[in-house]
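To keep things simple, chains are lettered A, B, C, D, E, F, G and H as they appear, and every chain counts its residues starting from 1.
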Amino acid sequence: MRGNTVVGEAAIRAGCTCYFGYPITPQNELPEYMSRRLTEIEDGIFIQSESEISAINMVLGASVAGARVMTSSSSPGISLKQEGISFLCGDELPAVIVNMVRGGPGLGNISPAQSDYFQSTRGGGHGDYRTVVLAPASCQEMADLTMEAFDISDYYRNPVLILADGMLGQMMEPVTFENYKPRELPKKDYIIDGAKGRPSRFVRSLILNTKDMEEHNWKLMRKYKMITKNEIKCDEFMMDDAKIAVVAYGTAARIAKGAVKRARKEGLKVGLIRPITLWPYPSEVIKKWARSVSLFVVFEMSAGQMIEDVELSLKGSSEVYFYGRPGGVIPTPMELVKIISSQYYQKGF
Amino acid sequence: MRGNTVVGEAAIRAGCTCYFGYPITPQNELPEYMSRRLTEIEDGIFIQSESEISAINMVLGASVAGARVMTSSSSPGISLKQEGISFLCGDELPAVIVNMVRGGPGLGNISPAQSDYFQSTRGGGHGDYRTVVLAPASCQEMADLTMEAFDISDYYRNPVLILADGMLGQMMEPVTFENYKPRELPKKDYIIDGAKGRPSRFVRSLILNTKDMEEHNWKLMRKYKMITKNEIKCDEFMMDDAKIAVVAYGTAARIAKGAVKRARKEGLKVGLIRPITLWPYPSEVIKKWARSVSLFVVFEMSAGQMIEDVELSLKGSSEVYFYGRPGGVIPTPMELVKIISSQYYQKGF
Amino acid sequence: MKKVYSRPKYLKKVPMHYCPGCGHSIVAKLITELVEEMDIADRTICIPPAGCAVLLYNYFDFDCVESAHGRGGAIATAMKRVLPDRVIFTYQGDGDLAAIGTAETIHAANRGERFTTIFINNAVYGMTGGQMAPTTLFNQKTTTSQFGREMRRDGAPIKMSEMLATLDEGVAYIERTTVIDVPSIKKTKKAIKKAFQIQMDDIGFSLVEVLSPCPTNWKMNPLQSCKWIDEDMTKVFPLGVIKDITENKKVKEAVNAD
Amino acid sequence: MKKVYSRPKYLKKVPMHYCPGCGHSIVAKLITELVEEMDIADRTICIPPAGCAVLLYNYFDFDCVESAHGRGGAIATAMKRVLPDRVIFTYQGDGDLAAIGTAETIHAANRGERFTTIFINNAVYGMTGGQMAPTTLFNQKTTTSQFGREMRRDGAPIKMSEMLATLDEGVAYIERTTVIDVPSIKKTKKAIKKAFQIQMDDIGFSLVEVLSPCPTNWKMNPLQSCKWIDEDMTKVFPLGVIKDITENKKVKEAVNAD
Amino acid sequence: MQIKTIFAGFGGQGVLMMGYTFAVAAMREDKIVTYLPSYGAEVRGGTANCTVAISDEEIASPIASSPEFIVVMNKPSLHSFQNKVQTGGILFLNSTLIDEDPSRGDIESIAIDAGDMAEGIGDARTANLIMLGAFIKKTNLVNIDAAIGGLGDIFEGKKKVIEMNSNALTIGYDSLK
Amino acid sequence: MQIKTIFAGFGGQGVLMMGYTFAVAAMREDKIVTYLPSYGAEVRGGTANCTVAISDEEIASPIASSPEFIVVMNKPSLHSFQNKVQTGGILFLNSTLIDEDPSRGDIESIAIDAGDMAEGIGDARTANLIMLGAFIKKTNLVNIDAAIGGLGDIFEGKKKVIEMNSNALTIGYDSLK
Amino acid sequence: MKGKIEIDTEMCKGCLFCIEACPKEMIIISEELNLKGYYPAKVNDKGESRCNGCTLCAVACPEAAIEVYREK
Amino acid sequence: MKGKIEIDTEMCKGCLFCIEACPKEMIIISEELNLKGYYPAKVNDKGESRCNGCTLCAVACPEAAIEVYREK
């Protein structure tokens, strides 16, 4: 199965019954898969919406009605969903949103890129809100994280973003769906399904009284703090004696891993820190290694976005070097090895 | 004149001939003013578009045709413009975009807020891009910065965002439009107006070849570096002997200034750093004061966004304290004075 | 004496924020009357718009979900598909439905989604202070058409109902009414009832357009507003049934069959 | 011997990326023929869509501006207002125009913007690999309607041209043509010429809808595709003039007057 | 010197116009002024209010958490705002609609029968400027002529309105000794 | 051990299917496999290619900057890809459409007349699997039976297609000794 | 048939719709402002009650401020 | 009237439209693939040329791959 299809199948197995989306490369196999697969599911609902804006609002509708729901798109389409994502956060509604990032800005191209990091982690929409951002680096992780995304989303009543790219979406690797351990989730006592046997209620994000609005915002912040406490995921590879740590996620992390292995073969003490959650960011992990690592090489398929989170984690306690390739270029492990070793010798390790 | 009207009049005086927008509180006086004022201008064009998305694409059309053009909205409407803003940046087209920020997320409320800072400075759209972000704190600055925004935008061929809020938009203060010194600007040799007497050309952001796309991205980055070098604006107030520096912009900075004055009356050595450009951020100014200032109190009408830029500027070289009020609450100078003085004594200054 | 008219059961006992004589208040009242009469309060869901009616959930004593400006059609689509046996309606202004929500409205209607849309046409953006709406009449002055709407700059008042009626079988029922006097109020109520019935009978998309006074932004008093609707607005937006496929024999039979 | 047909002057001498038999190529060729014949290359501006035609600027030797998916109508509106004496046209697919761009299209048309839209209806999302389009026929199989489009799930094929024709005087001319053989190609050319003329005469919005083969996504060979248009597609989307206000006497006189 | 005043009432009483007229008058006297209407615009009904600050130097915040003066035109406004005014400040109330006294003893309160006086001159809607006239007389923050002159700018050309309103200002001004 | 192969040709030659069949075969042999088609999808025409990596351990990057093997089905692909293959690697070319030899001396090159052989068995479209059969014989990366077995998974139910393709695989396999 | 109405004057916004609707001219506008600042409608208590409980006023009232009673 | 056509075989994508359009059956499909991998159209050079330069083939050709010549 290709990455895109893996995400679809994982969603279905996690109990997703609704998909709404609008075609865009490089993620079309996902809606195409869902369009077929959801006809096989009882209560399965698939709509190819008239736009991404419509899709994200359908997501809101299905979510508030109590269904597990997913949408997916790629960069320009995700930009169009920003208002809706802000509403989902304001309304505290769960949803899983997949972004198969492509080269930008504008129409850009359809090659793998990581230049929507800011948009994803800082909220491209308006207001103080956060979405959980998961960055898989393999088909297996696409499966695992997609399934977990639904649970995280339901548990905290907050949208979860899955950030990948065309390479992960197109790639085929063996996958099992058996890793999923469903969480215990609170009852959905907020959903809007008609006031049968209970008082009427409503869901809204408009709060005219500024004091109440402020309290709502602080409530969200408390929730985000809780998520930060509980949900951080990060992978460490060959870090124990590392003098240089490469920090990379997703596709870039795969490449970085290859580079680290080769560099190790050349005797360089290099390791890899791979954030799996981009928000909440594994700042503590980064900070922890500042004691033994002398240089953090941030490697992104962008002009430099995650580097801010690395610097915010380190607060000057270690040096940071950036290597990035924006615009859809897929760097090779070898070019990264070159960067690493030149830094390695320059610093005189 | 109210702030909103000041922006409109300033735009007209700076040679803006096109306005496209969709109503949203608290900025309606601006389109309303433009709808009348642009009928008085030769070639004046006003369209109330069918949506914010349409508006931002009309902006693109007018800009690529060579006109000075403006749009305005407030938080949810600005979220809808993110795809278009990404296109403007990718196409390298000038435009002035006004965001009268309101409380969020979602529908939120119409009170003054500063919670769109991330969206504005990190790019809420997709891809590696930046918009210049100007944050006026008075009607006079609304006039001055609006006029300058057009020049900056044309000079660098990049959209400029004016970030204010309902308070600044509703407020009336005496204003002069005489401060404006037009810059010398390069000829618009990129515009699309028919291939008369020249080879045909086109404007686009789609670059399928990833190497070319990468080069386009690096070109943008070089431009952004130039903007960072040339365009940073920051106001410093009573900083000379300050032990505590309040960092605040826009409406919050006005309040902070009041607070600083009062605190000074109580003998506290407090100053104010007021970034006027939020991107590029006046990091050097902040860093410069780290030597003499022991605590930076970041004060925002949000749950904490600009604080990241302060921390990125300081890189651990000084302590940072955050005080924020999200959701449209307008804090009073007195409450900030309390925060300042409690910090002041706690730190034993 | 017996009480023969009392405040509708599902209209919460709080003052509404609408201006005096606002058509929104009348329609809100009608809807709660209907929900009571049809005994569907426990399965009715309203999706209020961004617009003057944004706070409807404060008045309706049944479930409501806020929508982003113009997106009611998309939200209702998904809700109704997830909850096919609920009575779901969007409540939308002319800015909401005919400007920013154009695509959502047309495509939901075209898919024949089984929800109802109550479309309040007051020829103006009420909530934001009286800007030109897609339905503003020619020469009508608004804050963004200060010398009156003109074809060349602003285009023509859009007849959404007529446009929607051109869509295929998905669109079952469209009627335009008003609320300027007791007979027209009663007609409106009947139309909304029919629209609800049509979704309950699983026939298709239904919409009732209500020409509705906005005295504040029209700068008229309430009675003048009603007169203006009667004399000017109905010329451009004629009242009556615009589409009704239940008049079609086959549908009639199918409906009567169950 | 004299050359009686050569590659059009404003069609750059590069191979187009379209699939064999794609209608986009034919229309691109026709447009360049017209631009040459009407001698307007120095004032023509094309706004290509996101869609298979996204690269049109590589083929047209006159000015072009890329658009975000669906937003051609908004971009053209502003460009034409800024540059009223240029000949401006959007070139849009069915996904671009009838799905994501629904609102932009309808409102530009309703304002009577003086540009032309070439609407390539191939009943499918070509560029993204053959998903269902708003114009996909009932029972037509696409990658997102793998068992065929059905009313209940997907709605009906939308007739945008007919819908746009209901708009007021802003919409001057709408014709539906195809490019499946030489006579139909010639008719299409004539229609586009008329549309351009109408904007040059400042009459209103003009649109030519072209039923266009997409052999790749229809999984047919080019000739089969033409046959399918002829036999199936034109049943749902009948060819011919859908609206033409220049037939209206008053407009005719006004136009002839200058 | 920096003085802040809140003007409050219900929509339709012209409280924004009252504050605005005052702000314009102050500007005519070359004071630094901020005028800040409240944010009711996106929802109908309820109360309306605005804050005017006048000063000789830059005004930090146009918001008044404890203004020197408050002018209230109806009862709900009295209740919402009376606690805000500074100790030693002055509360102006429209006694036509307010039959209560403020519940605080540390402030001065001045009752003007503006509604009735307005009816007296034949236009109930001028109560706002009658109130403002009295306010100006008492506070002496601006010259009454500056206020009257300002009306010309505000209602440019509308002679009758200007006349009616300047009349109202004068009557209010003269109503206090 | 980690081996990467690029399969390239023009759209319609079934190069993606060729790579996919190979990948499925490798998976059936419990290898770790990545299959990565190229990103041509949003624009029509031009060349198509895919990369298959097979390994005993986790595969870092599914992209091949210098693959061990390259299979090219037409001339433009030969030109684009021949420089990528590793020194000592093997280039497989469809000699029916490629009348050139690779310009490099440091690699082995194997010509298979796949197009003609396919015409020979009556379906020009099977050139891809004929090529794959030969590729498998030469490289011995997977067992030919795994590849044939995999066809069953790929074309589930479509008996005739399976038969035709397994026939093609065998013919290709047997064409090299 | 005899009727009676009750108007909730604090709910009333003085739109005059009820007055327009009543065939018996049983409703007039009050001279006292209500708390919200409107002149509310009130029953015309001068002279004999002609109200027949037809509910027209209540149907017309946007605020649902009128309740109607009728003798059976 | 006599005519002649020239087909740019590298531009041609083998859609067959010209063949369908030609009333004189003057165009056939080639057996040689072109560089892009299509079997392009070519002039039927067997027998006498019946081409009359009517341009129908060229009008039908999506790739503008055909040029037509005619004796006046």
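By definition in this document, a contact is a pair of C-beta atoms (placed from the backbone, for glycine too) under 8 Å apart; a residue touches a chain by one contact, two chains touch by 3 or more.
What you are looking at is a predicted structure, and each value in this text was computed from that prediction instead of being measured.
Undergrad: Touching subunit D and subunit F alike: which chains?
TA: Correct list: A, H.
Undergrad: Quick check: more C-beta contact pairs at F-H or at B-C?
TA: So, comparing the two chain pairs, more contacts are at B-C.
Undergrad: Approximately how many whole Å separate the CA-defined centres of subunit C and subunit F?
TA: From the centre of subunit C to the centre of subunit F is 61 Å.
Undergrad: Starting from the mean Cα coordinates of subunit B and subunit G, work out the distance between those two points in Å.
TA: Centre separation, subunit B to subunit G: 54 Å.
Undergrad: Whole-Å distance, subunit B centre to subunit E centre, using C-alpha means?
TA: Each chain's C-alpha centroid was found; their separation is 34 Å.
Undergrad: Scan subunit B for residues touching two or more other chains and write them down.
TA: Only 25, 28, 47, 50-51, 53, 76, 83, 87, 91, 106-107, 109, 111, 204-206, 208, 330 qualify.
Undergrad: For subunit F, jot down the residues that touch at least 2 other chains.
TA: Correct list: 41-43, 45.
Undergrad: Please output the residue numbers of subunit D that touch at least 2 other chains, ranges allowed.
TA: 18-19, 22, 54-55, 66, 68, 99-100, 102-103, 106-107, 111, 127-129, 134, 153-154
Undergrad: Could you please specify the touching residues of subunit D with respect to subunit C in the complex?
TA: 99-100, 102-103, 106-107, 110-112, 134, 151-159, 162-163, 166-170
Undergrad: Sort out for me which residues of subunit B touch subunit D in the complex.
TA: For this pair, the touching residues of subunit B are 18, 20, 43, 45, 47, 49-51, 53-55, 57-62, 64-67, 69, 83-84, 87, 91, 192-197, 200-206.
Undergrad: Which part of subunit B faces subunit C closely enough to touch in the complex?
TA: Residue positions touching the partner: 22-25, 28, 31-32, 35-36, 39, 46-48, 50-52, 76, 106-107.
Undergrad: What residues on subunit B touch subunit A, complex-wise?
TA: 53, 75-76, 78-80, 82-83, 86-87, 89-91, 101, 103-109, 111, 113, 115-116, 118-119, 122-129, 204-218, 220-221, 302-305, 308, 311-312, 314-317, 325-330
Undergrad: Hey, which residues of subunit D end up touching subunit H in the complex?
TA: 1-8, 11, 15-16, 18-23, 25-26, 29, 181-182, 185-186, 215, 221-223, 226
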